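So, here come the structures, one by one.
Two complexes are shown next, each including chain A; its partner changes from chain B in the first to chain C in the second.
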Partner chain A sequence: MAVPKTRGKASIRLSIRRFVRKYDLSGFLFVLPALILLGMFMFYPLIATFYYSLTNFNIVRAPRYIGLENYRVMLEDPVFHTVLKNTLVYTVCVVPGCVVLSLLLALLVNRVLRGIGVFRSIIYLPVLISMPVVGIMWKILYSGQGFINGFLQWAGITKAPLGFLSDPDIALYSIVFVTLWKAAGYYMMIYLGGLQQIPVELDEAAVMDGANAFRRFWHVTLPLLRPSIVLVVIISAIGSLKVFGEVYVMTDGGPADSTNVMVYYIYQQAFRFLKMGYASALGVVLFLLLFVFSLLYLKRTEGQYVTY
Partner chain B sequence: MKRFRLTVIAAALTMVLAFAGMSLAQEKIQIEFWTISLAGPFTDWIEDFIARYEAEHPNVEIVWVDVPGADVAQKYLTAISAGMAPDVANVYGLAQLAELDVLLDLNEYISEEDKAAYFPDMIEPLTFNGKLLGLPWYGGGAAPIIYSRAVFEEAGLDPDSPPRTYAEAFEVSRKIKDATGKYGLMTVLGQSHNKVDGGQELDWFIQYGIPLFSEDGKRAAFNTPEALELLTELYELYSEGYLPQEALTAVWSEAQQWYIAGRGAFTLTGPQIINRATPEVLEALDTAVGYPIVGPTGQALTSFQYVVISGDTKYPEQALDFALYVTGTQLQIELIEQVAVFPSRPDVLEHPMFKVESPQTLGEMARKRQVEWDGGFAVSPTAIPPSTLWPELAQAFARETQRMYTGQITPKEALDNAEAAWNRILSRQ
Partner chain C sequence: MTRIKLGKLGVVLGLLVSCLIFLGPFLILLSIALQPPTANLFTFPPQLIPRPLNLSIFPEVLRVFSFFTYVKNSLWVSAATVFLQAIVVPMAGYGFARKKFPLREVLFLLVLATVMIPQQITLIPLFSVFRRIGLLDTHTALILPWVVAPFSVFIMRQAFITLPGDFEDAARIDGCSEFGLYWRIMLPLVKPAVVTISIFAFVQQWNELLWPVVLLKTPDLYTLPLGLTTLDSAFYGGWRQSAAGAVLGIIPTIIVFLLGQKHFVRGIASGGIKG
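What follows is the complex of A and B.
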């Protein structure tokens, strides 16, 4: 058993050298900076959020472990139920809206015309305007004496001004509309990319076979656009579940929580009421929601891509 | 040899001096000072008064940081949790800071004479459980009414007697809307804690003398017949279209914009806002300035800025000295010469600029009204919260009033629900 010390050290050094040679560790060194950054700013906060969700924590004092208490409170919190419902309603409205509206816009501008670039730019313009500016602009448009109410009354459609943002029954949908207005151009570009990758020959072949415009769209264009559609659904769904700016600028979650959504509620709990533990628990629920959704969607669409 | 000896002595002297310099530098006290959104127009002034202070106190170095935006309370908390709180800071959200017990109790350091130099009405709201947690800096004073004589005349009302009480204001609002189609009072309603500028019914409660808390502070006390009457009146005004729909989702400053846009006949505002508006626009509306509108208590609503000192500061005496300097008479006069804010010290009011006999501009007129005001102040609970749990309490109250305004519940139910919510929140104390 008595192996001389020097020999031991030498053999360890040798085996390390062999290991390094065998598994070429230089690759790890190259990704190390990125790994460290990701670890610090992604994985650590993620794990910390899970931990804080089990504590009573107000930023200043040390977190106190309380088990699943935050989750129990959440189940009984009527505002949380409203917020969850609002988030889902918002998502259900925004996602199909984005998918269909942007596709229509993309089809509209996907043709060779003089000055088509200008049209594309105009549709894309709202994407470039920052959210606070968009919010304030729409607040003015939606106001009792704003353009929209003025038009509706002038055209005789409504008698009294509609409370676009102050009527709890329609406030959330008013925000959905602003989101669609702002985001449509962005998703249109994704579709345009997809549309322009579809070979013209396929369309021409369908024409030769006597297919009309609708059938060509339905059987040729749409199936080939599937990757773009999946992308738009995922991006817009994730964006919808995380909506914040519109609510923050336009309604403050009101009136009476009718536009309060998950991220805004998390923000309120964390930074207004300093309930970091509860906010973390809400964050975990949002994370699970996003995670399950992404997983389901990827699973469903796996291997369904069409090529001709 | 002689030269060598000289060299050695010179080197030794240099080293001694260098070490002395280093230790002097180490002894220099660093005080970090936060302001809220003052950089830009006030940068030169702030740098100048810091330089003057440092010249008088060679061992002190002031590090000035201007924090933009309304999220200063969160930034301050983050700084505290990181152990990097500024020594002296102008902040919001005093209630939460009081609850977290992270501020210096100035009563332990301040002399009675220094304390007495401020308006007692402004010292009192900064005192939590006997601890003085801040020094009042500058404020809005009592916000006077600005009103359009043209609209008053159009509605057949006397343009020389604008409303003096809320009861009158509500009545006049109905008359103006019925006669001209324009709104009367421009205000916002049902504001949650997130928009801290004003427009909460709780501010009205204070002016109506409706108590918010029971004597021991453990229960809500606002569910009174007076409160019900006030809420019912506000509900009727809103639901009958005498207040703009957007009042529910707008922020306080928008009410003043509505006035300037000619949508309504009057609003409450300070001279600093009047000075910012284009004079031609105000002239076109034939704007005049009256006195503040008050409730039954006769007190005018006010709010003000304050500076706090971190409980973690290594130099409490020096930090307090600097805070007293910043909020002192001289610097308040210098600030007020630049912008029409209201001082927190009565002696500043002795300055000639507060003694203008015949004001030329609306801003000067508003300032004159503020100085003449002798009805006392009610400090807005929205601005300087009276409870450590204020954000949650205010949010719970706003939720119920918003449900009331949108017709989901009656004013009585709103009061009952809000009372129950408050008692639930307060029971956690």
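What follows is the complex of A and C.
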């Protein structure tokens, strides 16, 4: 009995060694730390959020399973309806704004000119400034007697000061404007990257054929810029659906929830009212809203690594 | 001829207008901060250069607003994240790019898929976990979750894939260990990519707002963005003081930007840095 046993051990050891030699498991050790961290801080929380969304979790007591109750409450929650509408309106305003404005800026600064780098840096500067600073800045600009109201009245466009952040009808659009101001430089850089990959010969050929500047842009530049445009749409849509900072620093979701958006509402429910279960259900809805865009982003990233 | 001139005029005009729009708010902020206490802040057209310049606003603000503590905290949190990432992420990129092991493709796809998980929906479980192990209100909890950015793993993998295979063969023949090969030969070759992902992580952590808002309760631990959100209440909505605090808050960003401008441009070109 003893002999086959040791033989078995030896053969197992041999096949392990063969396996190790064949696959070089050290490769696995190289990726292990990153995988562990991603598992702990990305995959586990994702799964836990789905689970919590089916419970009455409130951080103090252990979560108790309540089925789809949170989702039923959500359907009847008028604030949730407002929040969802605000998030979509915000996204629908920001995405085309980014696509068009940043393209115009990129075309403007995509030329060989002394000092053009300074202009690019100036337009890019707001991207790097943290949101609380941007918030203080724009609260001052938007205030009752602030610069913008001063200008509008001086130019005779309005008679009385507008409540940019205090009027529920326009507060959300005031936030859209700040987002565009802050993010334009970022998307401009993506466009610049795309523009610089377009061979100059194509434009020159179009000039030879007698095409004017607009036709050259419409028929040569724009089609070749398609990948950049798609990228801007995807990134700005993801960013808009996840907006939090602008709202947190400028309006706290008010007045009367007119600027309350998904992530801010999740934050409110989870960390102000400790309704972690309900907030998790909101998180799942956010995840689903983002899913299509994230999938597109993922596909693009993946495609990049195939083509490179 | 005139059409070309008109076009040039249009470009110059466009540049000036965009300069005004993007730089103007900064100038107004600075101007408000430096107005003397008695000045009417909101005249139009505004008096951009205050007379007299009120530089004593900064000592006044610094007495209440612990700017240097916040900067120190932010530096520590951002630097620690960058440091840990520089150890873990290039290693993972190297493994995925140059090694063969079972399930490699599946695991890499899994890493890529985490790009789809929005940070915002992971907060509740993370908060709950850190609460259970007693790490709420600590910098550790601020750092750990963002050490591995999936997009950075992707960038590092790209960087290693493009290297020629000769180095590895030569080093293996010379009897170099697998880790030595990575650490002494391969890693130095992808330094630019490491710099790029480090800047991503630094800017990300430096400006992060939501997670510190949720996590930190002790003012002495606040990061700079979180500290800046306290300005309004600290000065009861005094515009000059808030503006002065915001001006202080911009300074570190400007310094970092000027130091690393070249790398920033490269980083943005690869589609990653976002405030």
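The rule is short, and it goes like this: the second predicted complex is superposed on the first by the 286 of 308 C-alpha atoms of A that agree within 3 Å, B and C clash if a C-alpha of one lies under 4 Å from a C-alpha of the other, contacts with A are read in each partner's own complex, and residues count from 1 in each chain.
The working rule: contacts are C-beta pairs under 8 Å (C-beta built on N, C-alpha and C of every residue); 3 or more make two chains touch, one makes a residue touch a chain.
Fair warning: this is a prediction, and the values are worked out from it, not measured in the lab.
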item	value
First (chain B), second (chain C), both or neither touched by A:145	both
Which of chain B and chain C A:16 touches, first, second, both or neither	neither
Broader residue contact with chain A after superposition on the shared chain, chain B or chain C	C
Touched partner set for A:271, first chain B, second chain C, both or neither	both
Touching partner for A:288 - first (chain B), second (chain C), both, neither	neither
Touched partner set for A:279, first chain B, second chain C, both or neither	second
Chain B versus chain C as contact partner of A:251, first or second or both or neither	first
Chain B versus chain C as contact partner of A:127, first or second or both or neither	second
Contacts of A:168 with chain B and chain C, given as first, second, both or neither	first
Which superposed partner A:60 touches (first chain B, second chain C, both, neither)	first
Shared contact residues on chain A - chain B and chain C	59, 139, 143, 145, 271
Contact footprint of chain C on chain A as seen in their complex	23-31, 33-35, 37-38, 41-46, 48-49, 52, 57, 59, 105, 108-109, 111, 119, 121-133, 135-141, 143, 145-147, 150-151, 153-154, 181-182, 184-186, 189-190, 192-193, 213, 231, 235, 238-239, 242, 244-245, 248-249, 263, 266-267, 270-271, 276, 279-280, 283-284, 286-287, 290-291, 294-295, 297-298, 301-302, 305, 308
Residues on chain A engaged by chain B in the complex (per definition of touch)	58-61, 79, 139, 142-145, 160-161, 163, 165-168, 171, 250-258, 268, 271-274
Chain A-facing residues of chain B, complex	71, 74, 77-78, 80-81, 96, 100, 102, 190, 192-195, 241, 244-250, 263, 391-392, 395, 398-399, 402-403, 405-406, 408
In the complex with chain A, residue positions of chain C that touch it	7, 11, 14-15, 18-19, 21-23, 25-26, 28-29, 32, 41-46, 87-89, 91-92, 94-96, 98-102, 104, 107, 110-118, 120-129, 131, 144-148, 150-151, 153-154, 157-158, 161-162, 178-179, 182, 203, 206-207, 209-210, 213-214, 224-226, 228-229, 231-232, 239, 242-243, 245-246, 249-250, 253, 257, 261, 265, 268-269, 271, 273-275
